[in-house]
Structure formats: C-alpha cells, structure tokens
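Each chain gets a letter, A, B, C and D, in the order it is written, and its residues are counted from 1.
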Amino acid sequence: MPLDHTAQGVFPIAPTPFLPDGAIDWPSAERLFAFYASIGADGLTVLGIMGEAPKLEPQESLALLKLAVKYMAGKPIIVGVSAPGFAAMRSLAREAMEAGAAGVMIAPPNTLRTDDQIVGYYAQAIEAIGTDIPVVVQDYPLITSVVMTPGVIRRIVTDNPSVIMLKAEDWPGLEKISTIRTWQAEGTLRPLSIMVANGGLFLDFELERGADGSNTGYAFPEMLIDVVRLAKAGQRDAAHDLFDAHLPLLRYEQQPGVGLAVRKYVMMRRGILGSDAQRKPGAGLSATAKAEVEYLLKRLARFDKRAVM
Amino acid sequence: MPLDHTAQGVFPIAPTPFLPDGAIDWPSAERLFAFYASIGADGLTVLGIMGEAPKLEPQESLALLKLAVKYMAGKPIIVGVSAPGFAAMRSLAREAMEAGAAGVMIAPPNTLRTDDQIVGYYAQAIEAIGTDIPVVVQDYPLITSVVMTPGVIRRIVTDNPSVIMLKAEDWPGLEKISTIRTWQAEGTLRPLSIMVANGGLFLDFELERGADGSNTGYAFPEMLIDVVRLAKAGQRDAAHDLFDAHLPLLRYEQQPGVGLAVRKYVMMRRGILGSDAQRKPGAGLSATAKAEVEYLLKRLARFDKRAVM
Amino acid sequence: MPLDHTAQGVFPIAPTPFLPDGAIDWPSAERLFAFYASIGADGLTVLGIMGEAPKLEPQESLALLKLAVKYMAGKPIIVGVSAPGFAAMRSLAREAMEAGAAGVMIAPPNTLRTDDQIVGYYAQAIEAIGTDIPVVVQDYPLITSVVMTPGVIRRIVTDNPSVIMLKAEDWPGLEKISTIRTWQAEGTLRPLSIMVANGGLFLDFELERGADGSNTGYAFPEMLIDVVRLAKAGQRDAAHDLFDAHLPLLRYEQQPGVGLAVRKYVMMRRGILGSDAQRKPGAGLSATAKAEVEYLLKRLARFDKRAVM
Amino acid sequence: MPLDHTAQGVFPIAPTPFLPDGAIDWPSAERLFAFYASIGADGLTVLGIMGEAPKLEPQESLALLKLAVKYMAGKPIIVGVSAPGFAAMRSLAREAMEAGAAGVMIAPPNTLRTDDQIVGYYAQAIEAIGTDIPVVVQDYPLITSVVMTPGVIRRIVTDNPSVIMLKAEDWPGLEKISTIRTWQAEGTLRPLSIMVANGGLFLDFELERGADGSNTGYAFPEMLIDVVRLAKAGQRDAAHDLFDAHLPLLRYEQQPGVGLAVRKYVMMRRGILGSDAQRKPGAGLSATAKAEVEYLLKRLARFDKRAVM
C-alpha cells in the first residue's frame, strides 16, 4: 500500500526479537508481526533506533523487513534509513523499497545547528535517495539535539514533495502540532500526515491538537489503537480514561535508555516475544526494575484485562 | 534550622509571583509562603530556575528569601546560587546565608565534560563560597547536559564534607539512587540526603528506591507530601493510587519550558497566586493549553478534592 | 567618544592583572592601560572572558573600567555584559555606561539553537538593557556553540538599531565577512562595523575581506595595529610579512584554555604586567610551555625588535 | 607490514579523488598513491572523514583501499571504520583487514559523555571487530565533542591490548602528550605510538613533546616528512624554519569545513589530482578563496621550491 499524506492510525515501532545468544529469534519475529496484524495496526515501522537497527547485519535487516511485509499484508511498512553518509542512506533506502517498504524515515544528524543546515540536509538526503521514495521526517530533539521550528518543517515540506509525514516527538510538542495545523487550515502549507511518538506520553492531547495517529512502540499497542479510535469517535473522556490507566506504565517505559528493556520484558510476559534479550551492547532490567514493572502490570490489570498475566 | 544529611520530606521549589506588569507581587508571595508553611512543607527552595531567579535584581532576591525565612519559621530554606563566575556565586551564597538560608544549591555549568572537570568544578565552587555552607548538588542532565555517574557523585561527596544533599533529577534515575544507597549500606559512602525532582515524574518509585523525599515544584505540593508520608508508612498501594491520580496533570506540568506556566496557572486557579504572570522573557499558555489544564483539573477533582475549583 | 558603526582600527581585549595572591594588581593595570594608549589603540574591550570578568567582584569591575576610561582618554571602551539573566545584564550595562563605557558586548548563551531563538534573544537582551546603549554582537561559535548564519546576523542588525558592531570570530569566517559586505554593497543591510578576533589567526585575510579592524588580545597588540595600518595603506606584502613573522607565537597563544596564560606570561616578560598570575581557578603554564614560548619569542625577535627581551 | 606501537614517521590522510561528475577519478587515485610512496610516506590512512568515506559505496571503498595497498608496497594502511552501529563497524573492519589494511581507526560517537561511557564504548567496539585487529584511537574533541582525559586514554590502552596508536588531535594537546609520555617513562602505561594531527597546526612542538610522527593530511606531505626527520635529527631550528614557512598556508588549510577544498585545490595545482571536485554534498572554494590560496602559494614558493607552480 502506498504511503502518502493521508496516513493515519497507529504504526507501531517494532522491536527486533533476539535469542539470549544474540541471534535473531525468527519464530518470535513471526509471532510479533502476526500480533501487529491481528490487532489492526495501520502500518509498522521497522529498523528504527528501538529496533536495534545499528546492531543488525544488512542481510538480517532485509530479511526482517521482508517478514514484516509478508505478515502485514499490504499495510505500509516504514523503514528507518538514518545513516552518517548519503551513500549508505541511498543503498538502505533503495533496497528497502525493493523489498516492499512503503517509505523511509530520516532523522537529522546531531551536528546540524542552523535552520539552513537542517533544510539543506533534507534536500541533500532526498536528492541522494531519489525523489520517488516517500519520506518521514523525524523531529526528536531530545535524542537528536536538533531543534526544528515549525517554520523549518514548513520549508522542508514545501521544498520536498516526497515528504509526506512528520514523526512528531518534540517535547513539548503540542503547540507545534497546532501551528502546523493552523497553517494548513490557512492554506499556507500542503497536507501532511502527523504521527506522534516520544513514547506516547502526550498522545491524549496530541490527537486533540490534530495528530493523525501514533507512530510509537508501547508494549500494549492495542491501547494506542483504542485511544486513537475513541478520540476520532469524539469519545474524549473514554479516550482519556484508557490512556490514564496506562500512563504509569507508559511513563516507565518511556525512560530514555531503559525503555526498550521494559518494552521487551512486557512483550515477553505477554507471550509475544520468547525473550527480552537485546543484542550487545544493551542493558537489561535489574531485579528491582522487573519487580516494579510487575507491580505496574498488576495495577494496570485492574483496568485493562489485556494486562492480566 | 540547620540543613544536613538527615533532611527529608518535601521541600517545594517556590515560584516567584509577579504582577502582570512584571513587578514582584508581594501579597501573593506572602500567601504562597504561608501556604507552604500551612501544608507542612519540611523546607523550601527559592531562587532556582523555576523561581525565575536570573530575572530578579539582587535586592529582590534577598527580600524574597527573607520573606520565605519569616513564613517558614525555622524550616530550612535552600537557595540556588549557580552562577557563571565564582565571584558572583560567593556573593550570592554569603548574602543568602546571612539572610537566613540553610544551604545553597549548585548546578554544574553545561560546558563540563569529563569526570575530573565535574569533580574539580565542585571543589572550586566550594572553596569559593566557603566550606561552612551546606551544599546541595543538583544532578539534572536534561537541563545541564552534564552527566554525573554515581562514581562522580561519590567523589564529590567524599571530597567535600559540606555536601549534604543530592537533588536527584537524572532521567532515568532509579538505578542511580539504588547504587548510591547500596554504597552507603556497604559503608563506602557517607550518609547523604537524596531529594528527587525532575517534576516528580518518578516520585512513586524513587521513594521506594531510597529517596528521602521530594524537592520539586508541582502545583499541588500537598500530593507530594501525602505520597511521601504514605510511602514511608508502608502504604504502597495508597501512595501509588494518589500519585497515579495526579500523574496526567503532573506530566503536563513537567513539560520543559512550558511547565512553569502550567504551575503558575494552576496555583492562580487555586487562589494562591494572584496572577500567572512571568517576568519577561517568559511564555504564557495558549487558550488551548489552558483548556487542557482545566480539563485535567476537572478529571483530577474526581479523585482529589483539592482540585475542585 | 561615542561608539557607532564607523568604529575601526584595533580594540585590544585587556587582560586583568592580578598579584600572585589573587588581588588585583592596580599598578600593573595602570601600566597596562597606559601601554594601550601609548601604542595608539583605537579603543579597548574590558571585562570579557579573557579579562577573567566572572571572577571579579562588581566593585572591582567598575574600578577597572573607570581606570581604563581615564587612561584611554576619550577612546571608546567596550564592556562585556553577557550574563545568564537579563536583570544582571541590565545592571551591568547601565552601570558600565554611567562609568564611562561607550558600548557593551553580548554573546549568546550556549542553549540557543534555532535561528528564531537567537534573534529573539538579542531582541530581549536589548529591550532589557535599553535601546540607547550601543551593542556589539559576539559571534564566536567555537566557545558559545551558537551558530549564526549571515542571515541571522542580518535579522539582528535590522531589528535592532542599537547594534553597531559585529565581533566576528566564527571559524572559518572569511566567507561570512564577504557575504555581509556584499549585502551592504547591495544596500540590503545597513552599515555595521566588523571587528575580527578569534585570536587574530586570520586577521591578514579578514582585513582584505572587508573587516574594519581587530578586537582581539594578542600579547603584541602593536603588531595588530601595524598590520591593520599596512593593509589599509594597500601594502599587502608588508602586512603579510609582519603577520607571518608573528604567526607561530600568535597560533600558540590562540590555544583554547591555555591562551590567556601565554598572553599574560609574554606581557609579564615585556614588563607590562608585574605577574602572569590568574585569579583562581586558572591554569598556569608548565615549565615546558614556558620554554616553548621563550623559544618562539627568540625566533620572533629576529624579525620584530619588540620581541627582544 | 603489521602495525604496532612502534609506528612512527608520517602517515598522510589520503583524500579521495573525484571527477567533476562525482565518479571516482581512478587515474588520479593511482597518481596520488604513487606520490605518497615516492616521497617516502611511512604509511597511509584512507577512508577517514577527509577521505569523504561516508559518501562512498562499499565496493568503492574496498577498491580504493586495495589500490592504496598495492602502491604503498608493504607500508601499513590504516582504515577509518567509525560507524553508528557495531555491526557495520565489524563488517568494515573485517573486510578492510582482508583487503590488506594493517589496522583500523575508531573515533568515539559524539553522544558519549562520562569517562565510563568512553571506556565502555571502546571495549564494546573492540569486542565487536575482534581483538586481533590493531586499533587507532582517535582523540579529536573539536569534531567529536568527546573529551578524553589522559586517564581515560590510559584506561582504554590498559584494557585493550589491540590498541596500538593514539591519533592525538586534542586542542590544546601538548600537555596531554607530555602526560602520557611521563606515565610511560614511569612504567605506569605500556608503549603506544602517538601520531599527531589536527591539521598539523602544532606539529613542531608536538614532536618535541614526544609524538612519534604525524597522521594528518596537509597538501605538502613532504614538509611533514622533512619536519619529522629534522626534529628527530635534533635540528630544531631547521625544523621550525621549514614548519614556519608553511604555517600561513597550513593554517588556511586547517579551517574546519573548508580545509578539504583547500587541500584538493592545492593538490590539483601540484598536478597530483586531476580535479579538486568533491562528491556531493561538498563545498568548493570561492574565487576569492582560490586567489588567497594562490597568494599563499606564491609566498611559500620563496622558501620552498616545491610550492613553485
């Protein structure tokens, strides 16, 4: 399915399942992608930071992508192709598209400073990969140290027709979404899908500000799907009730550096992954942290049956 | 009251009340400090970043401190004295102590990189202000860009007897608290008060990891006090229930850059502040943001009568 | 003498003389300012980073400034007023102007990222200090981490009539000077004095690109004055010959962090300062470094009699 | 020839020659490597930042390396393998060694902050590539933002027997070299080759501090070779005379971001490269900059016949 500015819903960020010895756990990968398809995910992002992409061999990345394409049966798959050089970015992007991806995501390198540098970088990256590939711009200053004003995003979108989605994870980010939506209402900016992330910490209000959906990786993606559905149906209180019930765990999972370990642990406890292993180098959870997650799951289970283990 | 390593409980971070024209709102300041005293705050921090200290004239800072000392009636007041030069830091610190402060808080400048640079900076700062003033080390990498390992904190504490408190707001920070407490249990680190902050986002588990209390500035400091009390009384579920009820608003208030506007708005709505004004430069809340806060307050009021407006 | 966009020539950055015990060495300060006046310096900058300003008490700063004003007899004195808060910046600026300063220099804080943040910062700073004070914008990314494009400089200059000088120390910076001069030739930017710095490492070509002079602090400011004079007189080869003879030492003095120690050591050897002491915290030169400087001086003395000790 | 801690002399950083259309200019590459062999270079570094490595396709990188190996006839070739992920770093390193490289160079990613993070990163990288590959640690804070104290370098060297060389380009860096050499003289640090870089700006004194040679990429590498030879022969004045004659041009070539364009331009003027083209994205020299380089060459030619064009 082609990816364009009408994209909406929930595109989970898929982790990469590993065996304790560091090899890819292919049965878990099949189970994982089948799970995403079964809950009605509208798409998927693979090979992002949370997918431990930099630890994968090229052939592993490609095989994982192809498996996702197969299981998601026509739903669009986005592939992270951020790379220090445009040669590698081009190879990754072209190979991904040939393997069935619907688009690529590019984060700015943390050496960029001025507005012109950021705008110039996207122009060069898109020239390198080719203007025929749909591009997701990742705006995540907490991790990239690159701050994009709404004006810079407008310049990138205006200059590059192949940019069709903003992965919005600035923090704070609510006013940025409102500004972009205002410009679009005024007709000074063309349509653009806005999918929010940053661990989902503000999904509730981001949807009300005009986000089209979520592109993040919480261990209960069904909640993200339900919240998006409820918000779009105008059931504001119900959306917040469900979101708030998950917020204590979601906040715990959003911790930088630790989050992936929490996510994999919970997905293992849910029976989706066979192990919570990360490929080296990667930190696991301490015994205390695991007990804290278990406590959060038990508390969550009072409100959401899916957390009953 | 002297400030030492036995400090515990809740030391709110006090905002500085302003009139819409930018002058200090002294009646609100009196009401604010009276409020903190009335709810049983164990101490107070004034003139921190959230107190808009860099916008104050020296005589304003001093008058504000003296007012806090008067109203807090013997409870320890901590004063932020971070400054680009040791001459200014020394003046600030000595004047604050003469005016009744119990200790000072020092954050590392964001140019420090290596372990030795950080350790050396605290040695120089403490030599500059004098070794007789109790010092709080502020560990807040999200804002300062300075990353202190537990080992660096141990070196600072060991080298400088006047360091009596860690304001712990690393993110993630749970394992750091556990590491420090383990070292103290083993006897390889002397006693140290650990007060947690970072907007309170992990207060629930930080207390369970061994924090002595909270040194942050949420608009409902009574909740912080109650959670600390419940946690210390071993009422784990009750502590989490109360914390979780506040988490949606607390998270909203913890947004970098926007948080102070939220805090002042809520404290104005509570009748504590006469206005939510910040002295220039400072951003206010958009109409949409205010409506979001109102919605969060209404939801919170279902669980906590103090949020009924 | 008022400071405006016609400023040109050499404005040395004055170090602050200290006694070995850390007190200000007032006789050396008198000798130093008399020296600058005697060599025909067109102005002076005091209380900058290289003047160890953050280590000075307010009354020391003011006394130093007044002494410089007295000795420079009508030549404009620029005072560094960069500060973390606008209240302190305002006090510093107003007091400096009352004490006889001709203008103030403001560097951007290293937390600024986007073009709009930089432009906004200067607008706020100038509103805080008052629009009647001539302002020098310091563009020094190596130290401040803030990158200003020529476009951002144009916005600052256009928005703020009181900005009359750019202290240009970007690295590389030659094309930036050419761009600004081209805009002025085209009439799209109003006149602006450009004084170059960054230790003088590119003074030779910067003058040819259109710089009005130098605002840096080499231990032989007479060389800077001669090079500016020769360049303006069209004696290109002579200007480069003199500059190149000093380049080995100038490069040695331009080392970040070490440069001030080299400068003070050489000025002590020249008999201008009574000591090379810095107020704490400050690093001195190792014995090896001193021997290297002596060797460089001996080599320089072959070409420039002023280096004969 | 194996690469170990006895490495010394000059290992130029080779640029990658391109045709104006962006294709690799293979005849120029042959001429370039033949040139390095003819002047007596002791080794070579290919595929570094200055070799535009991130713009090359994997097969291009490999072919370039093999050509260098062939022409350098047994002299050690070092290959830059810095990469955002350990999977890519491992592939690059293993392939390079199979193609005839003698060792690899690894720079720390600019996200590292604490001493432990830096030490841990090198441990993980070396575990990933295999402990049988000689490793050069690149210490270049100006570019990487990572500050390694001498103590951190000692930990890395002590922990990892395969680390055999430090590419020292801290700035300032003279005292760091002295500290390391002192430790080795005391026997608290094992032998280690120190090759200096940072454009060669301090080569003269770095050799006197104990550096084994130069690993940088000036357009007249013969000068580097001569200066190293003269310094080792105890001809101090002659070494400085030659170095100082080149310093005005060397300084011009050392400008961040512009330096490669200068280097390629001069090597084209020397007849070594057929073009000064960089593969996109890359900035060329303005007409004014070219004229400045020509002027510097003409001045240099008065002292060094090799600069006669």
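The rule is short, and it goes like this: contacts are C-beta pairs under 8 Å (C-beta built on N, C-alpha and C of every residue); 3 or more make two chains touch, one makes a residue touch a chain.
Note that the structure is a prediction, hence the values are computed from the model and not measured.
**Student:** Considering chain A as a copy of chain B, what rotation angle in degrees (nearest 5) results from a C-alpha superposition of the former onto the latter?
**Tutor:** 180
**Student:** Using C-alpha centres only, name the chain that sits farthest from chain C.
**Tutor:** A
**Student:** Tell me which has more C-beta contacts between its two chains, B-D or B-C.
**Tutor:** Between the two chain pairs, B-C has more contacting C-beta pairs.
**Student:** Taking all residue numbers at the chain C/chain D interface, are over half used by both copies (same) or under half (different)?
**Tutor:** Same: most residue numbers at the chain C-chain D interface appear in both copies.
**Student:** Using Cα averages as centroids, what's the distance between chain C and chain D in whole Å?
**Tutor:** Whole-Å distance between the two chain centres: 33.
**Student:** Between chain B and chain D, what distance separates the C-alpha centroids? Give it in angstrom.
**Tutor:** Inter-chain centre distance comes to 48 Å.
**Student:** Provide the C-alpha centroid distance between chain B and chain C, rounded to the nearest whole angstrom.
**Tutor:** Taking the mean C-alpha position of each chain, the two centres sit 39 Å apart.
**Student:** List, in ascending order, every residue of chain B touching at least 2 other chains.
**Tutor:** none
**Student:** If each chain is a node and each touching pair an edge, is that a line, ring, star, complete or other?
**Tutor:** It is complete, because no pair of chains fails to touch.
**Student:** Mind pulling up the chain A residues that touch chain D in the complex?
**Tutor:** 53-58, 83-88, 91, 110-111, 120, 124, 127-128, 280-281
**Student:** Which residues of chain D touch chain B once you look at their complex with the stated criterion?
**Tutor:** Contacts found on chain D: 113-117, 146-149, 151-152.
**Student:** Mind pulling up the chain B residues that touch chain A in the complex?
**Tutor:** Counting only chain B, the residues touching chain A are 171-172, 174-175, 178, 201-202, 204-205, 208-209, 240, 243-244, 247-248, 251-252, 255-258, 286, 288-289, 292, 299.
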